[in-house]
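Two complexes are shown next, each including chain A; its partner changes from chain B in the first to chain C in the second.
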Partner chain A sequence: MAEAAQSGPTKASAGPSRSLRNRRLMTHAGIFLTLIIAWELASRAGWLDPLFYPRPSNILNSFWLIYFKNGNVWEHLGVTMSLVFMGFVGGSILGIVLGSLVGLNGLVRRFLKPYVIVLEATPRIAVAPLLIAALGFGATSKIAIIMLVCFFAPFINTLSGVMNVNAEKLELFRSLGASKWQILRKLVLPDAVPIIMAGERLALTAALSGALVAEFIQRDQGIGSLILVYTRNLNMASSFACIFTLTILGFLIFRGMELVDQYIAFWKYEAGRERVSAKRRRAMRS
Partner chain B sequence: MNVERMPNHAASGEVVVSGIAVGKTFADGTVIALDNTTFEIKRGSFVSLVGPSGCGKSTLLRLISGLITPTSGQISVHDTPVTGPRRDISMMFQKATLLEWRTSLENVLLPTEIAGTPTKADKNRALDLLKLVGLGDFAFSFPAQLSGGMQQRVALARLLQTGADILLLDEPFGALDEFTRERLNTELMRIVAEVGATTIFVTHNISEAIFLADQVFVMTSRPGRVAKIVDVDLERPRPLSIQTSPEFNRLVEDVRVTLGAV
Partner chain C sequence: MKMLKTTLLCSAIALAALPTLGFAQDTTVNMINPLPRSTNFFPLVVGEALGYFADEGITVNLLPSDTSIPYVAFIQNGQADLSMLDPVETVNAINAGAKINTVYEVMQNAPEAIGVLDSSKYDSVDDLVGTTVGLVSDRDRAFLQAALDVVGKSIDDVQTVVLGESGPTLAAAIRDGNVSAISGAAPDWIALNANGINVRLITPEELLASPANTFAANAETLEEKRPAMEGFLRAWSKGMYVASVNPEAVAQMLRKGVPEEWENEAAGQLFLDMSIGMNVSTTERLGDLQTGVWTALQPRLLSSGAIEKEVDVSTFLNDTYIAAANDFDRAAVEADAAAWLAANK
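Take a look at the complex of A and B:
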């Protein structure tokens, strides 16, 4: 079967060779180090105002202080991340459920559409002070703000996912005598999974921003209020340490979501297909 | 269904699909897709519907499948009127329309899942069908890991998994290259003969229509109707080379004249 040979050679030539990758990595590290050293020297030479642009060595020192010597960042980080998690889960579920309902029901869609457009045009974060006024200070209003900024991407993506079902697949299901429920469960929802996951990625990134805004407003706990406190005390090195912490977190979140996507929407990835294919084969044998 | 399939036995079998004065109009009666068509199709026969675009061949197929209902007249399958999709009829489309998140085996099992819960026997049957279409080693591959031709083979196995004895194929290999299509056509003939199904095959390729069929329904457009039924008295199994024989060319000529005469 000559048709089958296609997946073979791609694995070996998946990317640039190892030596080329190493060389590129070295180049990146070199440029990064040069930038850091230039920053440090510029600061020491007095070209950069150390008040607003703290030296890299000071930032590094602040990392050590807030993580180990004082260890005060952990608590705030924990608070922020649990808010992000709860707001993200809540906003996502709300978005996916409402998106499915609106997408599957033409009548609901017709009446809701103008409001969706209005909501889409409004910067969601503008509503944050109103949410605090309504729900009071504390975790509840923070989670509500995060849910608000998280809601939209999953909502819109679920909506378009369940609405744009392939007409030919739908005809296949109809010709097989499938019920509405079977069409939903076996065709519409699985078909929408990749686009819903794309919405979830956007939502999780938005959740982190939402949490920071909520903490900026409420200034009680969390990494956002910590940044606020350090900046007000002109402890810029510690502020930078917090910001870089968020950079790393954002990156980890992004990568984490990619990994989750490779598991949930596995059929979109070559590695995922090969993994699940092998798994199903083993399951059948035993 | 184990009756040995004989060439040109179509004239003697029992009628399984019939239409009486079937008409279908679209757009509030302004477009006549199919006009006053009467036909009979016998058990185990292979019928090709051939004609230009707009001759109503796909419409006729969809009417038989129950996906659409006639504006006038009636279609019966196994002596009962067709009112909607039914289990004794199964349809295959131009595109494989496989579900990307399911393996070949799971795709083949879809009709069984829709009818109920698949049993161990259903699974074994699906595996056998995948072997029958030459994909025994690809039961656990996902559609994206298969070529276009292999995807259509999976769709063919899924078609057979329904257990329907009437198979409707709407230009099933039309999107594939010439070589793959010829090979799959040859296999299709072997497979439907093996399972003893009644097959209705839509195509716009005259040679393909004749090569596969016991009977060719030659259809013409405006309004769509069956202009002539050509009996194909060629022996089975048919090698690809039969397409250069004088008898074959006489049949091609016959179809061409019918199509050109309108």
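Take a look at the complex of A and C:
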């Protein structure tokens, strides 16, 4: 009964909220379509330089060519996404582990933090050719470039999350005799996870840019090398099709990370809290 | 503490595992060049389509890279077995003490050229004095230097700007008159012409017959990889030979192998026609080293300032692989190409 009373208002509010979302979606779709039609008309009227702005209808045709007729984009897309995934995982693990170490241990912080900050200030695109020279060609150096690009957001966010623990709560934990492990598990991590997840969202989108930088330098495979081929041949419609592919992927990745965030740092979100409460209630009943 | 140890151990394992991803096998020939598989280097695509590299037991590991990467260094440290170098890069590398040998001439007619807008007033390199000339990459400065030297001018007589390899930037620069000419290579002209920006080449004749993108290898390891290198160059020669007897088959292989360059059929065909002219050897033996051309080339490069001093060609031109690279049955290759075309039309 109590559960029904709690879920009642939520269900009742779901209708208007869905309708609001649909209205917003329609508005965005309308704006998008208007822009595309304006672009197409301006291109046909000769107001836009075709060297820089190919017609949307040509871009659409290129989507058909590269995805279905020739199907040549799939292999490149697979390579890029594999690199993005491996670089992101590697960079994130490194960032979170080092961020935690630096945040939790004063000695490590004193020695490591200045170097990490200096590395952060170094332009990573300039370092990329050096990394390739040092690590050699192939996936290893590309992954290293992506790791370098997406290492800092998790590192900095983990560091701030770990170091900005609520002082009063910490005092309370200590006065109650909590062990270091308990403090980490019950206080530091829950406080830090939402900030770490924000860093992860930034890292994953940055990983896509890192992969492109790596593929612009090592041009064997990947969507970056395909874009280079198309732009060199002045095939701007196909080049735009690849760029829009990356835009869509970047958007999906970002939204995907938001969902992962809602699942991991569930206590930040009302829906997450309700989901976990319901699960716990069910577990208690059974 | 336990968690710290576990974390450090996991990180160490992850980092140790990374380099294994890039390791190649012994039968792999690592080749560094500026482009991925392309019509510009069709012998590779043809050799792969007809299975010639596989027949030789070779895996080709292409390392197409931006020209900011020091190609010679990768031959020296063993990461690349073959590198495509221009004559200027080759001579400069040898002058800098690099122990490399030129073992095969991929192109005997240089793809480099100086191009101007067809409707422009510039008829010769001499006319470019006092103007701004665009360079596709910094590598093209040496070619421009040599071209100016032919007409008795120097690089200081023009202003240069590196435009980069992006097609739209090059096209806009020459179309809008921001540069009087562009010093670049065949793929750049093809893209411009195919898109209605007609370019006229004003390259001095003296520079037309020049080797380019020659294969250089580490002089100290020529014997170590002899079977793989000979097999690689033989497969390359076969691919080159197909273009001289069955260009239609080559076009079809490229349509399938590099469809991104053939979305515009006319542009693809134009690209292939120019590439055949550059790639198919003019010497009797395919890929043979033209001692006379290399010798004649150097004084011009020296006077233009592109190289510091001339080098005795016998110290770096090494035809040790050329005989093996040409040791194949022409009739069998012709039959292979015809059969492939019949099956893939």
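Basically, the second predicted complex is superposed on the first by the 254 of 286 C-alpha atoms of A that agree within 3 Å, B and C clash if a C-alpha of one lies under 4 Å from a C-alpha of the other, contacts with A are read in each partner's own complex, and residues count from 1 in each chain.
In this section, a contact is a pair of C-beta atoms (placed from the backbone, for glycine too) under 8 Å apart; a residue touches a chain by one contact, two chains touch by 3 or more.
These numbers come from a predicted model, not from an experiment.
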| item | value |
| --- | --- |
| First, second, both or neither for A:230, with chain B first and chain C second | second |
| First, second, both or neither for A:140, with chain B first and chain C second | second |
| Which superposed partner A:171 touches (first chain B, second chain C, both, neither) | first |
| Superposition-derived comparison: chain B or chain C, residues of chain A touched | C |
| Which of chain B and chain C A:247 touches, first, second, both or neither | neither |
| Contacts of A:65 with chain B and chain C, given as first, second, both or neither | second |
| Partner chain in contact with A:51 - chain B first, chain C second, else both or neither | second |
| Footprint of chain B on chain A - complex, ascending | 1, 3-4, 6-7, 166, 168-169, 171-178, 182, 186-187, 190-191, 193, 266-267, 270, 273-274, 276-278, 280-281, 284 |
| Chain A - residues contacting chain C, complex | 49, 51-52, 62, 65-66, 70, 72, 90, 93-94, 97, 101, 129, 132-133, 135-141, 143-144, 216-221, 225-226, 228-236, 238 |
| Of all residues in chain C, those that touch chain A in their complex | 4, 7, 10-11, 14, 18-19, 21-22, 24, 30, 32, 34-36, 38, 61-66, 68-70, 73-74, 79-80, 165-168, 171-172, 175, 187-188, 190-192, 194-195, 259-261, 263-264, 267 |
| Residues of chain B touching chain A in the complex | 65-67, 84-87, 90-91, 93, 95, 97, 99-101, 103, 105-106, 110-111, 113-115, 134, 137-142, 144-147, 149-150, 162 |
